[in-house]
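Mind looking over this structure? Questions follow.
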Amino acid sequence: MQRIGVFVCHCGSNIAATVDVAAVAEAAKSQPGVVFATDYTYMCSENGQNLIADSIKEYGLTAVVVCSCSPRMHEATFRKVADKAGLNPYMVEIANIREQCSWVHKDTEIGTPKAISLMKTAVAKVNLNTPLQEGESKVTKRALIIGGGIAGIQTALDIADAGYKVDIVEKTPSIGGRMSQLDKTFPTLDCSSCILTPKMTEVAQHENITLYTYSEVESVSGYVGDFTVEIRRKARYVHEDICTGCGLCMTKCPSKKAKNEFNRGLNTRTAIYTPFAQAIPNVPVIDTEACIHFRTGKCGICAKNCAVQAIDYEQKDEIITEKYGAIVVATGFDLIDLKPFGEYAYNLSPDVVSSLELERILNAAGPTSGHLQRMSDHRQPKEMVFIQCVGSRCEDDRRGKPYCSKICCMYTAKQAMLIKDHYPDVNIHVFYIDVRTPGKAFDEFYRRAVEDYGVDYIKGQVGKVTPQADGTLLVHGVDMLDQKVVEINADMVVLAAAVEPNPDIRKLATMLTLSIDNNNFLNEAHPKLRPVEAATAGVFMSGVVQGPRDIPETVAQAGAAAIKVVGLLAKDKLKTNPCVAQSDELYCNGCSVCQNVCPYGAISYTEKEVRDHGVRDTRRIAQVNPALCKGCGACSVACPSGAMNLKGFSNRQIMAEVDTVLCQ
Amino acid sequence: MTIEEANIREEVLLICGCDVTRCMKCGKCSASCPAYDEFDIKPHQFASYIARGDMYELMQSKTIWNCLGCFACVERCPRDVRPGKLIDGVRQAAVRRRGGTHLQPEDIPSRIDPDTPQQLLMSVLRRERK
Amino acid sequence: MDLTYSYFPGCTLKTKAKDLDIYTRETAAALGVTLVEIDNWQCCGGVYPLGSDEVGNKLASVRALNDAKEHGRDLVTVCSGCFHVLKCVNDDMKNVPDIRDRANRYSQFDEPYQGETKVLHYLELLRDAVGFDTIRKKAEHPLTGHRIGAYYGCLLLRPSGILEFDDPEDPSVIEDFLEAVGATPVKYQMRNECCGGYRSLEEPEFTNRLVGKIFADAKTSGCEELVTACPLCFYNLQKYNGPDKLPVRYISEVLAQALGIEAGKGVR
């Protein structure tokens, strides 16, 4: 029989208002094994903790029950108290009488008996607890960053600068991400490339960073501190180590009709290409769908022209396997598909463009060399209409997203001002629902567009954009403030399309057992207190993969994710959770049911010689790898012979709790 | 809002099954309305009129008779408020109270011609009579 | 494949839009489709009765839907108005328990109707059951060189969540159909905007203005004529007397021409 102490917390009035805490302590005294029971205002305070520690020593307690808040909140706190007082921390049980009792009931008549019942079950369980020992696992001192945009770049640099090895896996042929497609950045109007390319170069030259571009994560196994990742290095058909980046192959390539993804399809590129001039690495790839050699077996002009014989049409995808202690997901975003917004004539007219397409048009390295032009006839527009919230704040999930994309109000003001700076005669109209500008110097920035640049902001959405015979676009909307129809013959219409997480995140989330929300953004371990950690230990997040945000926020979060990774990699060993499954070889009948239900691949089978009642026998027996087991308990429920038990949550302990509830 | 208006509001919301609190005043309905200029109370105002309970004003508006029922606002409303249904709901509430039609039977003959389709007359009857 | 369908012509097709009816029946026959007109059908009401607190004016549609169910057939209509009403009422019968229960209590069918019938527009039948490829092969008199605009209007497309007919903002089924009969379809942006509908009774000037915008857009986009599936749209388009007016025909008449059918005489 244990010697149990029961400690009932008031949590100020959080518990005490609807639970008679003294009555709970009094009831505890008559429970089997209980030698001491008391209540206190704040059990988690220093005084409360001392009360528990002192009682352990004074009454020679072998087990402790704390009736307080959720174990998610303070189980760790009270286990530490026990440990310091010389008691095995797994001899502590929490009865949650706050979230599951006092907070959901209005009066003590219901709250108190329920709290007593919860206390009794915890006592019944702790009577059967046994001391458990935490194990140790090693930490591989290397981090993996998935995604090579500004989020991934900054996270990698911060980790590498702290002295740890970092690998970046980037799907496209170059790092740089969305930021490399932007012209200027708000609210300071720095040139996006000018501030990004030095960072890209730093990544390429950093002794601690290895770049895997044109590569994708193929599989992930293992656990915090010891992940094993397979990376598919897609065939570039150009040897990275030989290519000098002279670019002659691209100049000579006769296949020039492939869609230029970097310019959002506004122009074309060659079949052998780098996405943009400052690409890192500056090594082209061959697009096999566009390449004449791959389609017909002829051509071969690039290979003939390559002075260093870097081109290799026979190159194959390569799978490399690497170990990591931590993984950062930084897969970024794209704009939603604008095709379902037929009323804006996006499908009908090349002069209706997305905001990112306009960004490319304004960029000196873009399809128009930075000249503001209509894509249809290359005329410079005189009237321009910007439409905000295209697909943002939209409950219709067939074409939009319910959230605010956060960056559109600011980049629209930016684009409007950049245009007015270069082309003062252009009239700009912005149809908006609300102008949202929280951020340092943000509202001032937007007001400048209105007051200094004369940008015309119209409250209301646009109903229809109709191409006209003269090549203009008739924009039909309503000014909700003066209740009048507004019709503008625009030369160009720009749609501020909603952002959405890169669709690859679904595949990655499955590989990494991450939780994603309804909009495919990653869920944090805690939205406020653990905002850069995923629920899976050892996995962190950076950038828009978590939710819409701008560049400074992304960079700040990248630093936060990096310090979390560094904190993990700085450790030589990690404590492992002792509450893992264990198979009793005498009961195991080798049926494999547990192996089939285990989501973590922690169970394997071996042939083992056992002695059963003095008889030697060779049997097929389940074995649990404690490093892989997460303690979910699926196997112990599925096991038909009762051989599987979860330490700390054994079948006997659970049944003791159930019996206590039912036998009242 | 009078008690009678509160009752009318309840009836309208029952008829159309819409939730006016979801409206975010984006104006997409008004911008999509082909009859905007024929309306005294605009489509985007319906949600707030109903939220406030100004039902008499809505029932006396030209809007409820001039709405085409083209469903453009219903289709494009990003918040699923469906203003066209609100307008139709108010019209039904008005029709039930007035008992008669907006157009009187004697108004009809002079307005039809040999090609007038039955569909047109049926639609008018359905919309303007209980 | 058995191509037998219950057919709901609707009131206008029996009177002012006889062409639409005749050409539909004859083209169907030429394509191996049997349309069986529902016995004693009643008018759908022209507009979908919105009030969820009344079921009386939904019953005509429910009876037609149930009749098709009892014959084990899909229900086909070619009038946009009927399609809209039948499909919306069917959605109620499927998804709104209160309306379903009350409608069944009135109707007293042998077994309760619960939205089992599939409602098809003739265009959907042509596309999915017959196939535009088959039409392309059988179109011995293709409308080569005809630049035709599709006028969809409202009732075929909206609300798209219930009608599930086509992309409500950028529809293409009539264009695909026009291509199958050998014509050159011309997309224009106003093809899904309202013609003014029943308001032409009281405010013909107003509907005339709306139709004028549609014609103007169609004409500047390069259309030489328009086709529609809706008798009310047809009427409003025909009444227009402005400068941009284009000839208007029903979709089934265009199909008949391609198949070489003369009204009332079958295949030439």
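Should a chain be cited, it is by its letter among A, B and C, assigned in written order, with residues numbered from 1 in that chain.
In the analysis below, a residue touches a chain if its C-beta (ideal position, glycine included) is under 8 Å from a C-beta of that chain, and two chains touch if they have at least 3 such contacts.
Model, not experiment: these values are computed from the prediction.
Chain centres here are means of the Cα atoms, and by that rule the chain farthest away from chain C is A.
The pair of chains sharing the greatest count of C-beta contacts is B-C. One simple way to say how far apart two chains are is to compare their mean CA positions; for chain A and chain B this gives 46 Å. Per-chain CA centroids place chain A at a distance of 48 Å from chain C. Put simply, the C-alpha centre of chain B and that of chain C have 25 angstrom between them.
Multi-chain contact residues of chain A (touching two or more other chains) are listed as 343, 464.
Shared interface positions of chain B, defined as residues touching 2 or more other chains, are 72. Counting partners per residue, chain C has 168-169, 193 as the residues that reach two or more other chains. Within the complex formed with chain A, the chain B residues making contact are 22, 24-28, 30-33, 36-37, 42, 44, 72, 76-80. The residues of chain C lying in touch with chain A in their complex are 161, 167-170, 187, 189-190, 192-193, 217, 220-221.
Chain A makes touch with chain B in their complex at residues 343, 389, 393-396, 400, 433, 459-464, 476-478, 480, 483, 485. Taken together, the chain C residues at the contact with chain B in this complex read 10-12, 15-17, 43, 45-47, 49-53, 57, 79, 81, 154, 157-160, 168-169, 193-194, 196-203, 206, 210, 230-232, 234-235, 238-239.
Here chain A touches chain C in the complex through residues 339-343, 345, 347-348, 398, 464-469, going by the rule given at the top.
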